[in-house]
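Two complexes come next, and they have one chain in common, chain A, joined by chain B in the first and chain C in the second.
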Partner chain A sequence: MQDFVSLLPLIVVGAGAILLMLLAAFEKLEVETGALISMVFYGAAFFIQLVVGGGPQDVIFDKIFNGMLATSNFSMAAGLVIFGCGFFTSMSCHSYFGVNKFCTLDFYAIKMFSVCGMVLLTMAQELVTAFIALEIMSLGIYILVGYDRTRLTATEAILKYLMLGAFAGAFFTMGAALIYGGAGSTKFVAISQFIAANPAGQPLLIGGAFFIFIAIFFKIAAFPFHAWVVDVYDGASAPVTGFMATALKAAVFALFANFIALSSGFHGQWIDFLFWVAVLTMFGGNLVAIGQSNIKRMLAASGIVHSGYLLIALVAINAEQFTGSVIGYYLAAYAVGTLGMFAAMSYLGGSGEKRVNFDDFKGLAKVRPYSAAAITVFLLSMAGIPPTAGFMGKFYIITSAISAGQMALAVLGVVSSILSMWYYLRLVISMYFHDASESFETQGAPLATISTFVLVVFVFAIGLYPIVI
Partner chain B sequence: MIQDYLILSIILFCLGILGVITRRNVFTVFMSIELMLNAANLAFIAFSRLHESMDGHVLAMMIMAVAAAEAALALAVVILLHKHKGKLDTNVFSLLRG
Partner chain C sequence: MFEYALSVMIFLPILAGLALVLFPLRGQVARTVGLIVSIVILFMGIEMFIGFTGTSGMEYVQNTPWIESLGINYALGVDGISLLVLMAAAILYPLVFFVFDTRTKGFYGNLLIAQGAMIGAICATDMVLFYVFWEIMLLPIFFMIGLYGGANRLAATLKITIYTIAGSLLMLAALVYVGVSYHQQFGKWTFDIVQLSALDLGGGYAVLAFIMFMIAFAIKTPLFPFHTWLPDAYTEAPTSATFVLSAIMAKIGVYGIIRFVVPVFEIEFARFAMLLSLAGVVGMIYCGIAAISQKDMKRLMAFSSASHMGIIALGVFCMNVQALTGTLFQIAAHATSTGVLFLFVGLLEQRMKSREIGDLGGIAYRAPIFATFFAIAMLASVGLPGTNGFIGEFLIILGALKFSPFIAVLAGTTLIIGVCYMLWMFQRVFFEKTNEKTAEFQDLTAKEMLSFLPVILLILAMGIFPQAFIKKIEPAASQQVAKLFAMSQAQVADTAVPVSDQNNHKN
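Right, the complex of A and B next:
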């Protein structure tokens, strides 16, 4: 029974996806209704997940699934972040598609299917299960990216994303095959037992893990494989970009953390490699971000930098007693800031996303002071200014790096955080210190506006939560 | 014996990588990716024989199913590209430049 309850959020969202897919057959149903239905299901899944709670590592349906899925506190936290992202993205979509008319009900169904894949990914304890979950998630996201079939940039984005994503997927399968060859099983438990029995490090296992890292680096846009992310985020529509930046990253990092925490021997082998990838990801991302004039591209590049911070947390985890609390907290903190930013972009962007550059937001504070204040809060959270969630997230990551003895990494993380102020504050300056040249009128339903202000509250609530509790 | 299959698998995988990197036709790129996935399947089945368990066979079937889903989406994208540009060359798409 406990197993069934743990799986219930996933079942709820899956049922919602199927329901929406069936409803899409009725032409009379409004697209807006689809957004509301999907919000109900995300909300229900979120509350079930919250009520069920986590607990220590618990294999669900051991007999049926052969130990391939397991829940823990960490997977529960990642699941909550993912459901929250789905909920707020549906709110932004509701307003966005009121102005940009290319949406159908299937959009929300596909989004819910990809959320199913993400939640499955956080629970996966076996490599091929992880691959299937990864593909369920990715196939959905590819379609969402290219949903506006008339726009050429969206088509280019889906082409680039699909080619590189499928390429990365092939690396993942090859890695799984090599690990299967080395350890005789693709289950995480069996692999960690094998590593404990053979600490010397078998070539097949090292090669397989390397291939899987390549695939994961593609998905989280870490250093050598980060170039695609800017183009894809630019080509996708604003709410979808927000969804990709937050939910997808949360799911893939949950898998990455579960995989890297197989055993301390395995983690120790890769610590130097991850160190360099984390450093290069942070500074490479900053370098890309500083040169951008388009806000979506800047946020994409800042997403690369945030992947770098999360990699610091992965270097610093204690694989013996893995809890993932630092990573889970940072994922939530990053998600609220980024989702809020994209929710604001969704309703301020106008039809055809005509306001996307830094210059287009000049003087926003004069015309719409509350929206400008909300965007400022999100940017300060991403930059890591107290008392926002982003500050606490960075604080935990840096302290965990210090307590793991990674002083260099902690210092470089702080330096990168200071560098990133440059491009976050640039938008704040262009909003506050210029005169408005336009009226920033918005049409459509106010749900995106509401979600922006709810997320402002969440930025402070998540930031103050560890102090108050 | 098992080495032969593994070497074949690695050759196929490398050919796939080479195809993705050098070819400019979208179809050829997707075919190369399928080649890489099938190289992984071959490795799974060879290792399954080595370990004398059936796990690898099952996993290879799963990967085939996923590859089929991916190919379906890839073909849809190819049609979309052809509608826009009338060409399947990846070079004609260079609107988004960092």
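Right, the complex of A and C next:
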């Protein structure tokens, strides 16, 4: 029964995906209907997840499917973020594909399948399950990235992402195999017990963990595996980019946190290594972002920087009493801001995404003041200016870092966010302090616009009432 | 009704400002709304000043839990330290709406948001709440300079914004460090400043955190050598924004040092006091000399304002009651004199379409009332006896003398530089020959005269009857200094600090 209840949200989304696959056989059905149907299923799954996981206890079901999966408050929160991302991405897609006509109903089905993979990933407590979930998620995302077959950049993006993703998957299996060879089990709990019993460094375990870290670093775009992000985010269509930047990152970070936190032995051994990865990710991301003139590329690079902040939280997690509240909160705060940006890009971009550069948004505030204000709010949230959600997220991360004695990391994180002010402010300056050269006409249904403004409310709501799980 | 007065004073302007920004209204309607709101705040401020007892504790306290897991409260209060800063923010605002009427609704909206955020920063007794308002108050300034500023506004906007945000993010890390240290020492989370003062910090991280706090406040004040954003920002900003920046926002930097740095970092503060007071004096001298050579009246005022901020900050670093009281008094005095001077320069610019000193001359013959008002504000700014500037500067130099005669001599002689550039500028602008431009100059209209008159009278009243103000702020100042001594003398035996029994006999 527990097995069923814990998987119920996932089953709902999966059923929705299959339903959409079947409906895709009917030629008369509009693509827009697909967006609405998928929204219904995401909404239902979100609600069920909230009811199941909304209780006060930390660990909800600790051993389901014979210990392969476990749900805690943290995995539930990550799941909620993912369902929310799916919901709002569908809203953006609805408007985006009203203008850019290359979508079919399968698009939404594939997106829902990859959401299934992501949610499974947040619950995974075992390496093989994690690998399967990771691949379910990635396969869906590959297709979504290259959905527009006529565009050259999209083809480039899918090629890059697929090749590198396949490598990352290979590294993951390799790591899992080595760890199994060393510890005799693929379950996180058993691995952690093994490390506790044999404190001396086992070459097989160290090597295995190293490979798994490589795979995860690739997925979250951490240094030095971050180079693909900019091109792939640029090539994918705006709503898909937003979906990748938020939901995928939430899922992989949930896995990463579960993996690291459950084996406190791992955490102790890798902490110095993670420290440097976090620092280099933040500064590397900033260096990439400062030079961009395309907003999608800038957001991709700023996503790298945010991965760096999340890594700070990982360095600082307390393996004894892990609740993941800081990571969960930051994921939510980051998701709200980024989704909002991409929702706005979806309807302001126009057909063929003709407005993507900083210069294209010159004078937006004079013509469409509310859209410009919404984008400003999202940018301020990403930059961490109060009273937005991003500020509270940053506040929690700095607090957790200093509590864990990582003063240097906290200061470096702060310095990195000073650097990032430059490119966030640049867009604000473009929108407000220049005169408009065009009229920013947009066609299509207003769902993306609605989702933009709903997300603005969320930015403030999450920021002013930070519910820590 | 008055128990929520502070919340009303914070959120009435913010909500009104947001409404002006968001809803389509005409400029004149927006101005009227702004005027009404600012007058309401003015009366609430006066009421609060009269009701304030000055027994050195927090008054008008409000405390509601906000984020309980980290002990962050929505905590507000006013004491002797914040009273006059609050008055500066509450009382001078209607002037801006009375005098200038050519702006759009967005401008008035931003002005109101800035006022609410500044009052919030002044009244917050919780560090995190203070930080939230501290950051919010920068945003309206960013938009006001960027949208409505002068020709080089983009560079000026970026400079002030990135400078300030860099400072405040450093402060954020330091602030979290303080909170975490409290949690480690006392086992619970709080960011309440009264409880945090019990904290006993030491070691390298404490010095680092102290430096990060000081950088944030030094940038905002601005303290030498972090003043480089100021001339550009003050010159390019529209008059009202310059007024807000110089009269109120700069003061919040000094106020932040007194409120948040001194109680928590007593030892570090005592250790760095000499260096910091030197920074204050060097800033005074440097900006004073820079002001002499300016050709643009507004830029001259900007440097003069920076120079005066040096002496205001100096009063904090001297660590005795006279200097601290002087600083708190001078904060209000400088707000009235320099703030009004900036508004006068704005008026001049509006009428003459130029603020080059070389283009002007002989205005006093055309506009005697304007010249008189300007002269009173200017003399207050250079510290002539009988004006409020004298009381503040006198107290600060008195305190500085007790702290270090060397600093006091430097500060005292530097005031002469201030007299030089001010009087020379006054001579060139208001006397000498009229030219064809200034021959047309209109004197203040009745409306303008009536709006400036109360402030001019306030300058004189504060100069002649300072005791009414000092008695409200002094208990809090002596308490603050007493705490500082208790801590720093117990721990830093070799630091030469004056003895606290001198606190009792005031001038």
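Convention: the second predicted complex is superposed on the first by the 453 of 469 C-alpha atoms of A that agree within 3 Å, B and C clash if a C-alpha of one lies under 4 Å from a C-alpha of the other, contacts with A are read in each partner's own complex, and residues count from 1 in each chain.
Here, contacts are C-beta pairs under 8 Å (C-beta built on N, C-alpha and C of every residue); 3 or more make two chains touch, one makes a residue touch a chain.
In this text the structure is predicted, and so the values were computed from the model without any measurement.
**Student:** Looking at the overlay, what does A:Met21 touch: chain B (first), chain C (second), both, or neither?
**Tutor:** A:Met21 sits against neither chain B nor chain C.
**Student:** With both complexes superposed on chain A, which partner does A:Gly169 reach: first (chain B), second (chain C), both or neither?
**Tutor:** first
**Student:** Can A:Gly184 be said to touch chain B (first), chain C (second), both, or neither?
**Tutor:** First partner only, chain B.
**Student:** In the overlay, answer first, second, both or neither for which of chain B and chain C A:Ala461 touches.
**Tutor:** The answer is neither, since A:Ala461 touches no partner chain.
**Student:** If you count the residues of chain A that each partner touches, which comes out higher, chain B or chain C?
**Tutor:** B
**Student:** On the A-aligned overlay, A:Val5 touches which partner chain: chain B = first, chain C = second, or both, or neither?
**Tutor:** neither
**Student:** Would you tell me the residues on chain A in contact with chain B in one complex that are also in contact with chain C in the other?
**Tutor:** The answer is that chain A has no such residue.
**Student:** For chain C, which residues count as touching chain A in their complex?
**Tutor:** Listed in rising order, the residues are 22, 67, 69-70, 128, 131-132, 135-136, 139, 143, 146-147, 153-154, 157-158, 161-162, 165-166, 169-170, 172-173, 176-177, 179-180, 183, 205, 208, 212.
**Student:** Going by the contact rule at the top, pick out the chain B residues touching chain A in the complex.
**Tutor:** 6, 9, 13, 16, 20, 26, 29-30, 33, 36-37, 39-41, 43-44, 46-48, 50-51, 53, 55-56, 59, 62-63, 66, 69-70, 73-74, 77, 80-81, 84, 90, 93-98
**Student:** List the residues on chain A that touch chain C in their complex, please.
**Tutor:** 370, 373, 380, 384-387, 391-392, 394-395, 398-399, 402-403, 407, 410-411, 413-414, 417-418, 421-422, 425, 429, 432-433, 466, 468
**Student:** If you look only at chain A, which of its residues touch chain B in the complex?
**Tutor:** Checking each residue of chain A against chain B gives 128, 131-132, 135, 139, 142-143, 146, 149, 152-153, 155-160, 162-163, 166-167, 169-171, 173-174, 176-178, 180-181, 184-186, 227, 230-231, 234-235, 288, 291, 297.
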